[in-house]
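Here the chain labels run A, B, C and D in written order, and each chain numbers its own residues starting at 1.
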Amino acid sequence: MNLYEYQGKELFRKYGVPTPQGFVAYKPEDIVNVEGEVVVKAQVLTGGRGKSGGVKFASSVEEARQKAREILAMEIKGHKVHAVLVEEKLKIEKEYYLSILIDRSTRAPLIMASPEGGVEIESVPDEKIYKYSVNPEIGVQPFVGRILSKKMGFSGDLAKQFTKILINLYRLFREYDAELVEINPLVLSEGKLIAADSKVVIDTDSLYRHPDLEENAEEKTPLELEANKAGYAFVELDGNIGVIANGAGLTMATLDTLLLYGLKPRNFLDLGGTDSVDITKNAFRYVLKANPQAILVNIFGGVTKCDTVAQGIIAAKDEFKIDLPIVVRLSGVHEEEGRKMLADAGIHAFADMRHAIEKLKSIMEGSQ
Amino acid sequence: MSVIVDENTRIIVQGITGHQGSFHSGEMIKFGAKVVAGVTPGKGGMKVHDVPVYDTVEEAMVHEPDATMIAVPARFVKDAAFEAMYHGIRVVYILTEKVPLHDALEIVTYARSHGYVVIGPNGPGITVPGKTKIGIMPNHIFRKGTVAVASRSGTLTYEIVNALTLNGYGQSVVIGLGGDRITGLNFVDVLELFEKDDDTEAIVLVGEIGGTAEEEAAEYIKKNVSKPVVAYIAGRSAPPGKRMGHAGAIITRGKGTAESKIKAFNEAGVPVAEFPWEIPQVLEKVYK
Amino acid sequence: MNLYEYQGKELFRKYGVPTPQGFVAYKPEDIVNVEGEVVVKAQVLTGGRGKSGGVKFASSVEEARQKAREILAMEIKGHKVHAVLVEEKLKIEKEYYLSILIDRSTRAPLIMASPEGGVEIESVPDEKIYKYSVNPEIGVQPFVGRILSKKMGFSGDLAKQFTKILINLYRLFREYDAELVEINPLVLSEGKLIAADSKVVIDTDSLYRHPDLEENAEEKTPLELEANKAGYAFVELDGNIGVIANGAGLTMATLDTLLLYGLKPRNFLDLGGTDSVDITKNAFRYVLKANPQAILVNIFGGVTKCDTVAQGIIAAKDEFKIDLPIVVRLSGVHEEEGRKMLADAGIHAFADMRHAIEKLKSIMEGSQ
Amino acid sequence: MSVIVDENTRIIVQGITGHQGSFHSGEMIKFGAKVVAGVTPGKGGMKVHDVPVYDTVEEAMVHEPDATMIAVPARFVKDAAFEAMYHGIRVVYILTEKVPLHDALEIVTYARSHGYVVIGPNGPGITVPGKTKIGIMPNHIFRKGTVAVASRSGTLTYEIVNALTLNGYGQSVVIGLGGDRITGLNFVDVLELFEKDDDTEAIVLVGEIGGTAEEEAAEYIKKNVSKPVVAYIAGRSAPPGKRMGHAGAIITRGKGTAESKIKAFNEAGVPVAEFPWEIPQVLEKVYK
């Protein structure tokens, strides 16, 4: 889960990572005090807000409110701005980059630091990005700060500041179950290193132990949210074939196969590893809300039994009065019973994926 | 010889009295696995499928287990895994999904630096047809043979194993590595085992988009694997993940996509099937 | 460093280990509110206060003040009582024992728990003390609580309470650099496990990172404190031979040898591994304050050079006008120069320990 | 063959620009030790006794060190030790005294479970006469020979080594284990090495009151040591420590005193000298 910049900075302050002075405003009237020049920044979970006009400067309460009003009315890359962050404008001498994330390949946290911050880090050449693979059993001791300081060109007091920021950021990373913590830019301003922006991604599976973090809804569509709350892994796509499958890998392979056959999926829906009539039945509820032109069910029954799935499909067809074409592939435990039940209810059912998709293809071609 | 576990492996099930633990213990026993004990705190003294249940792993150690299946809720997985490793249980299979990332990191770090094997989290386990099974793969799809399968998926594994069996290719071992970002075993780890395993003559890898495990596998195969390997990659159609943003992209630098993985495999001489059901035909070309 | 019971209990509360309600009183007037029956307990860094009358009960402010007055006037095993702890009197159903300490032999923390608490744990038979060696890389996870709960006879909610106390106590142990944390008794009172007493020993070498803990002076004599502050490892003993040596092992061996020769050391003083005239000279200051009848200096010069030591001895003899017998053993780097300097100043100096001590013996026998 | 280090051991000194680091580096070089680099943050580019100084261990790794002497203030020891081990330096000698107990515990735990050797904290180091020295033992007391010495003390070690040398007993190796409660090596660890070492024919142990390391050594000697062993125990006259109170007493249960240690050694056939200067005579009786 992505945190907003201001949420990330709250965590930074909690862990002793310096941030600019500032406050959040949800409406222009929340701005009641402005000292010197300030920056008003859109709070959205997407990059590139600067180029989109989501960052403006002001020198008085009135001006800041005006800028906030403009920004709060914006939509940036499809994201509505729901708040602004009003912060002191820093005197920037130099911009650096610092992040910590989980490297799947080494199965260890990776620190990346660069003296070329303030730009998209992908545009920085590899030799200017200093990487340090953290041994999780050793953690980030001060020597890691010294190694990276040397490469970053920090010495004396700046090396000490950088080391402290790094150690604190790593504590935050571990204690808040982060997938990523990123400071870009880390700004040198009047002799101090300050986190001028924040990007923090928290592992959703660990949210139960961070009650202070509320789940941000912004990253999902309303239908995705609804289906997720009902327990389905569900993602909207832009095609017209509703898909219900079991297992993330098989569901992905189903979408891949549809595309290779020239068919476009409307959604990704993974039933999971359960064996319940109702779970199968209710999956149709969300797929139908996405208004597909046909539905493909692809089940390989292991834990899930094919007769249970068949019952669920039949119940859905009745309850939701589905008159779209439904093509079903049922294989695995109790497959024959399942296919027979479906045939009796007038639903095409195949034993293998290939024939099911070929049938769907011919239906869709017929319907065009 | 077999990979990681065999017919003598003595298995306990942590969380045996739960819905999943109980059902799959039964299936494992039917498959021929030696399930010697179960552990559920507070349920000591019960029996599940005639298997004695204990409150703690310490008590279950009288049965001299060398493997465990962990089927407890996600927030208790770390505790259960360390309980098993503290008592020296060598193979730790974690069924559970949604295990916090940093918990998985701690478990896998400790395991790897102390010689424990972790399978999962969030995978279907390991099956050695004719010998044993730890996990949740459906019993009926297997046939004893010479093809080793390693997969990051669950159901898609069954799909492919089933296709292999129907086409006459039995399996020496099938390992589900787990779908999470941090898993105990990667492709490279199991390729090393498959290459050494006398019972294995050919290898099937079932990959997914995300991470660079397939690209690393391709590199490893080029240098170290003499046995024929074929692959399938799921997720060609998926839009690139945005969550890790630019920093995530730096680690992978263009890797991680289906195209990158397919290209890497092809360069390593590993044919990649376009459809899951094509695996047996693709295999036939390199393994006769 | 030993903490007082009330200091240990403050740490317990900070870490979520339940304690009785209570407060500290340094004088009777600090007691202003008493609800129900209370216990008034002497705060001293020694055991056995119960038997010495250092624990009394009261039911009103007046009575509690009276008891506090009596206890504050006491001296328990040579320790003046400097405060009392006034606490609610618990209804005790059962008393348990729980501690964590560092086991030098396994180089790991060891948990000890017993269902027979409230007595000196040494009097409990070994088979009633359940031990668990903590793997420091794994720490105390909940399963450790389950293992010990089972042995202690806790189930259900009590097992949960015990596990929580154990996990929290281990966190305290690690984070406060404890050598020992002990709860004896851990009391079962109205369904709750409560730490009725505390014994916490903090590693003195780590005190710099625990600024909230002040060093307790009570465990040392005034002269020991003074010498320690000046940088000497110094312990008063009850003999009459002042001892100055270098290195803890050699100093101990010197004391052992004196005793085997029938001579009694007045002190332990370890010069440490420095090479400074002043450090040698000033060591005499503290030894002289202990009023010995003779002084033995035993130096094996490695880092410390013998001529430096000789200069220090001569400077001390001049400055402090010492007319006690001084016997010196000087061996190692620059030993001949050192012995010659001492001989010139009229001080006996030997190349080996044995002859030095034999000389001292003959002096002491002559002086009797 | 020699114990832990030899004439080829390449040594760095962490804290080389400090008073202790600088002085003892010089003495080590005079003894013939290969001191290849020093590390002091902020002092990179300097030279000490012609040895180049770096800001980080990472930079000093160009000299391919396999041992380090840590001579930094107590509160920086943990950082320095992990810096060395992160970079794979196999032997870590810690000179510093007053290292926090839990820091020592973390260092020693990591080292032992990952194959590193920690010597100290708070000991004089290791000397292999004629080959190398890491630490602060005075150069002039040694003579090459066949007696291995392990000691929990500093100066008392010199006293005894000096007595050995004066009486014609040269040393194969002298190790100061360190005086702290948690040290990287115990008597049992070094006895195992001494027993295997071809250059060692007899063994001297210098113990102290406190802990049970001597009692464990005696047990180990009974079962595993064929070479003659003699011992000295310091602290016969010390009053029993009170700090750990009753709980401490439970661990040791009557062990830990000088009497207990002497009794244990005697039962293991290890003569114990009454005075430090008696060691050569006691040794003569068992090693001719």
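Worth pointing out:
Heads up, the rule we're going with is that a contact is a pair of C-beta atoms (placed from the backbone, for glycine too) under 8 Å apart; a residue touches a chain by one contact, two chains touch by 3 or more.
On a predicted model such as this, the values are computed, not experimentally measured, just so you know.
The interface with the greater count of contacting C-beta pairs, when C-D is set against B-D, is C-D. When each chain is reduced to the average of its Cα atoms, C sits farthest from chain B. In this assembly, the C-alpha centroid of chain C lies 26 Å from the C-alpha centroid of chain D. A straight line joining the Cα centres of chain A and chain C is 55 Å long. A straight line joining the Cα centres of chain B and chain D is 46 Å long.
Each chain gets one centre point, the mean of its Cα atoms, and the points for chain B and chain C are 54 Å apart.
Residues of chain A found to touch two or more other chains are 137.
Across the assembly, chain D contributes residues 110, 113 that each touch 2 or more other chains. If touching chains are joined by edges, the resulting network of the protein chains shown has some other shape, matching none of path, cycle, star or complete graph. Those chain pairs judged to touch are A-B, A-D, B-C, B-D, C-D.
Across the interface of their complex, chain A is touched by residues 23, 74-75, 98-103, 105-106, 108-110, 112-113, 124, 136-138, 140-141, 151-159, 162, 179, 181-182, 186, 206, 208-213, 216, 232, 234-238, 243-251, 253, 274-277 of chain B. Partner chain C is touched in their complex by these residues of chain B: 41-42, 44, 55-59, 76, 78-80, 82-83, 85-86, 110. The touching residues of chain A, when paired with chain B in their complex, are 2, 47, 99, 101-105, 107-110, 112, 120-122, 126, 129, 136-137, 174, 177, 179-180, 182, 199, 201, 203, 205-206, 208-209, 245-250, 252-253, 255-260, 265, 273, 300-303, 331-333, 352-354.
Residues of chain B that touch chain D in their complex: 113-114.
Taken in their complex, chain A has these residues touching chain D: 135, 137-138, 141-143, 146-147, 150, 155-156.
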